[in-house]
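Each chain carries a letter (A, B, C, D, E, F, G and H) given by its place in the written order, and its residues are counted from 1.
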Amino acid sequence: MTLRVYLSGEIHTDWREQITSGAADLDVSFDSPVTDHDASDDCGVAILGAEDNKYWHDHKGAMVNAIRTRKGIEDADIVVVRFGDQYKQWNAAFDAGMASALGKSLIILHGPQHAHPLKEVDAAALAVAEEPSQVVEILRYVLTGKLPG
Amino acid sequence: MTLRVYLSGEIHTDWREQITSGAADLDVSFDSPVTDHDASDDCGVAILGAEDNKYWHDHKGAMVNAIRTRKGIEDADIVVVRFGDQYKQWNAAFDAGMASALGKSLIILHGPQHAHPLKEVDAAALAVAEEPSQVVEILRYVLTGKLPG
Amino acid sequence: MTLRVYLSGEIHTDWREQITSGAADLDVSFDSPVTDHDASDDCGVAILGAEDNKYWHDHKGAMVNAIRTRKGIEDADIVVVRFGDQYKQWNAAFDAGMASALGKSLIILHGPQHAHPLKEVDAAALAVAEEPSQVVEILRYVLTGKLPG
Amino acid sequence: MTLRVYLSGEIHTDWREQITSGAADLDVSFDSPVTDHDASDDCGVAILGAEDNKYWHDHKGAMVNAIRTRKGIEDADIVVVRFGDQYKQWNAAFDAGMASALGKSLIILHGPQHAHPLKEVDAAALAVAEEPSQVVEILRYVLTGKLPG
Amino acid sequence: MTLRVYLSGEIHTDWREQITSGAADLDVSFDSPVTDHDASDDCGVAILGAEDNKYWHDHKGAMVNAIRTRKGIEDADIVVVRFGDQYKQWNAAFDAGMASALGKSLIILHGPQHAHPLKEVDAAALAVAEEPSQVVEILRYVLTGKLPG
Amino acid sequence: MTLRVYLSGEIHTDWREQITSGAADLDVSFDSPVTDHDASDDCGVAILGAEDNKYWHDHKGAMVNAIRTRKGIEDADIVVVRFGDQYKQWNAAFDAGMASALGKSLIILHGPQHAHPLKEVDAAALAVAEEPSQVVEILRYVLTGKLPG
Amino acid sequence: MTLRVYLSGEIHTDWREQITSGAADLDVSFDSPVTDHDASDDCGVAILGAEDNKYWHDHKGAMVNAIRTRKGIEDADIVVVRFGDQYKQWNAAFDAGMASALGKSLIILHGPQHAHPLKEVDAAALAVAEEPSQVVEILRYVLTGKLPG
Amino acid sequence: MTLRVYLSGEIHTDWREQITSGAADLDVSFDSPVTDHDASDDCGVAILGAEDNKYWHDHKGAMVNAIRTRKGIEDADIVVVRFGDQYKQWNAAFDAGMASALGKSLIILHGPQHAHPLKEVDAAALAVAEEPSQVVEILRYVLTGKLPG
């Protein structure tokens, strides 16, 4: 069994690296969005031409990023969505909704302070974790049946 | 042509009433989540039994609410999602993601101050409006071909 | 919103009547399997001809019953599956698996003594209840937003 | 032609080993649930944190196990479900229902004493066998056209 | 429960009338192909213009008939396919294959002399009957739980 | 049998009226795009606010029109697409491609001068007609089995 | 581009060998049913135990063969169905119906004497050929753009 | 992440070569229709036999080409559709409609003079480009996160 995992959400901490390095010995492939914030915001106009209006500037970028995001989510067996402490992160919750409707196994990763506002998102998940290391342990258990410790 | 519309998101202003009363003369049926905040939070334990742990209290409620939410979104032709100024509103973005993956026509309703953090959600929409009256005008145009004014 | 509900599982108590009479004032339609045990066992041979071999006797009946069961589950918004104290009830668990794979909202109804062996089935449900009256309360809340008491 | 086979159900005898060793010369890959009973029961709390309430202890484990089970069933061409003599085995019947709704080729494996209570499950199958060796012979015939003896 | 039934296959005996009149008291709606053999053969050229080549004459008619056939099969809960004693009847078997792939409940109706060449078609069915009256009895049982006699 | 028909394409002649009046005695419901050219071009900015850039002016309108177009095509049993002598009509061919991928019965309506450039579109159709009256005759035949003359 | 092709239908001439050897230089993989007539008829009872009743003898074999047939058709890009001069060949037409409903590209192979009774089947095909060599030429053209001669 | 890209539309300039050579260092595989105009027009009759009637000549060719086109579009993650200055190009718009209904990421490539008549097609796209080099830059960004310059 090989698992394809998409790592969605927060881009300001190293949680993706913790998971990919922790799972380096497992039969897992990882995809994720472009995590360079500036490139992600400007990709539309940088490639397809400038826009005077900030709304369409953002729109063109969001559309180009959607090519990668959709591919990553549609190909995944498991979608992990991380909610951090900053920003609105509505795109993370949007990805979780897409993944749920597509029947993906969903793992939500957040601190306990976000449990109440994320209750509907968590309710669609097969696991709710607080630490990236727990996601690694889930992947290890799913693939090998081994538990930590 | 009859349209089924699901009104998702913010529950603290009267935007739903503005839309349903504005569209009262149109061939539209509306569904929405339970908008009584307390009932929505407590429905799981009120019906299925108390939980000591707040997480499971919330979880049982979110699961029961999902019965209504999923039915409403799956039956809809159009899903309108309103983002207000308060709270995290991750459930609204989650509904938008589900609706998008299910191929629903999506209308997003929010003030201009939220345009940047909602750019990925807006990019999945067929219309982005600021006022409930604009949603009514869209419904009127889609059903009758009449424009405002 | 109108709900279609399929009532699967145990056929030796009056739980279906408790639900349908309790929900008589709600906009719900109910379907269920044939609950006459003898008719259900013998329908295949009674209509399509006798079989010497008990296995094929049972098989012909199970196939004819599947016409009704599949229609009921596929048309339903909500599938309620009741596990009682007698018999193997593998057909109830099979119906729950079908309903889950078809994306139906699943409500499981059983006594606490069955919680451990039903944990995988319960994990696919949006609500786990012990009493038929709780199912009625869920239907009432989903349709009207009213909680008991 | 390569076949992917998921082996669901009873975990207390060596039937999986009989099939995988018997089919070792065939172009088949096998998946199965975690068959270590204790690990399977405790995986949720071992990774995601302890629960006071046995119901939620079980629930967290069942959810984590579902990541593997769903992946295995969804990727399979053939799902074999084995019913033994002990326990309720509702999860086995649930897997069979999922597999059937997903259009998988279903092979059910059980002793003759279970034929009557399994008649609805058997009716959804393309083969009903009593011995693991018969499953191997089916795989061999499907891949090579060779019959036993 | 209302059943939609599509009656496919042989057009030279009154089996459809036997079923529809026998089921007149049941909540069933019936569809069927155009059973006027000449109209069915010539509909394409009669409406869309003559063809010199017999192959294209037939082709245009078969395409127009497919509009009705596909609608009838796609809308049906149950597809009944009757094989008679004359002609190749490959279109009947084709309809059965379509119905099976679409997940319809399939009832096959034929005399015992055709059992061997129809074994693959029968294997996809939930009931195999010899007489139209048996189809009526199945519909009655599925809808009411009543057995004959 | 009731047919839902979507009439896509050319908006500068009265072909829709010819079909709807010709089929007035049949059990058919018709949908179509907004055929007021100016309203169709300007609906986006008229409702959602002006755009300086003509591209985004057009884009907002096309998105709002898509709400109606998608609903009409998705609900249809039959999609009729008319190609006239003027304009590029790429939206008509786009609708035909959508309808084909969604498995709708496709009828293409065009003069003989367009047969070569429409060969790929015609190849996806169940009927290719030159006159609106032929579409009426197809609908009549599909519903009643009656041929013209 | 790699093509997966399933070769269904007549098993008494060497048409499959003509196609597979003719296409030996192309990037195509072929699957087919078991073409050993006796093995195909008896596989059910040979593996799963004898049946007194010929109907169930046939039934068990047809079910086991369906494991291979469904896998072959579901995995195919192109399904070729050959109709010969002998036997009823209803299973061939059934396979064509399944392939059509699953959206496969269908190529039908038969002599001109069968054109009229196969008109509905041919109408679902993208090519109708008389000779196996024409199927090879289609595969060559689809993969390389090269025409014969 | 590997991307499969289908290049549909205009066949009279070297835009495909510009994209495939520009993306030669990326993990992308490309498919396209047969771009030899004469072979594409005549493939049906060259392989399957001559037709007196030009309509059926074209039809047979369009059907054979559809085998390749459908496979290319269905397997693609991204469908690029190029509109040039000549011909009706309805097949290009038809491919775009199919790709959109199948949920593919759509990139439309055309000069500014075609923006108005392509507004409905562009509205279904995630990117609208004028130059093949922009398509290469999108592919590079989607796969590597690198922007030009």
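Keep in mind that, in the parts below, a contact is a pair of C-beta atoms (placed from the backbone, for glycine too) under 8 Å apart; a residue touches a chain by one contact, two chains touch by 3 or more.
Note that the structure is predicted; figures quoted are calculated from it, not measured.
Novice: Going only through chains that touch each other, what is the minimum step count from chain E to chain G?
Specialist: 1
Novice: Sort out for me whether A-D or A-F is joined by the greater number of C-beta contact pairs.
Specialist: If we tally the contacting C-beta pairs, A-D comes out ahead.
Novice: To the nearest 5 degrees, please report the angle of the rotation taking chain C's Cα atoms onto chain G.
Specialist: Result for this pair is 180 degrees.
Novice: Please tell me the distance, in whole Å, between the geometric centres of chain B and chain G computed from their C-alpha atoms.
Specialist: The answer is 49 Å.
Novice: How far is the middle of chain C from the middle of chain E, if each middle is the mean of its Cα atoms, in Å?
Specialist: Using C-alpha averages as centres, the distance is 31 Å.
Novice: What whole-Å value do you get for the distance between chain B and chain E if each is reduced to the mean of its CA atoms?
Specialist: Roughly 44 Å separates the two chain centres.
Novice: Would you pick out the residues of chain D that each touch at least 2 other chains?
Specialist: Correct list: 63, 66.
Novice: Considering only the defined contacts, which chain F positions touch chain H in the complex?
Specialist: 54-55, 58-59, 61-63, 65-66, 69, 83, 87-102, 114-124
Novice: Under the definition above, what is the set of chain D residues touching chain A in their complex?
Specialist: Against chain A, chain D makes touches at 31, 34-36, 39, 42-44, 46-48, 60, 63-64, 66-68, 70-72, 75.
Novice: In their shared complex, at which residues does chain E touch chain C?
Specialist: 1, 3, 77-78, 105, 125-129, 134, 137-138, 141-142, 145-149
Novice: Report the residues of chain A in contact with chain F in the complex, numbered from low to high.
Specialist: 51-53, 56
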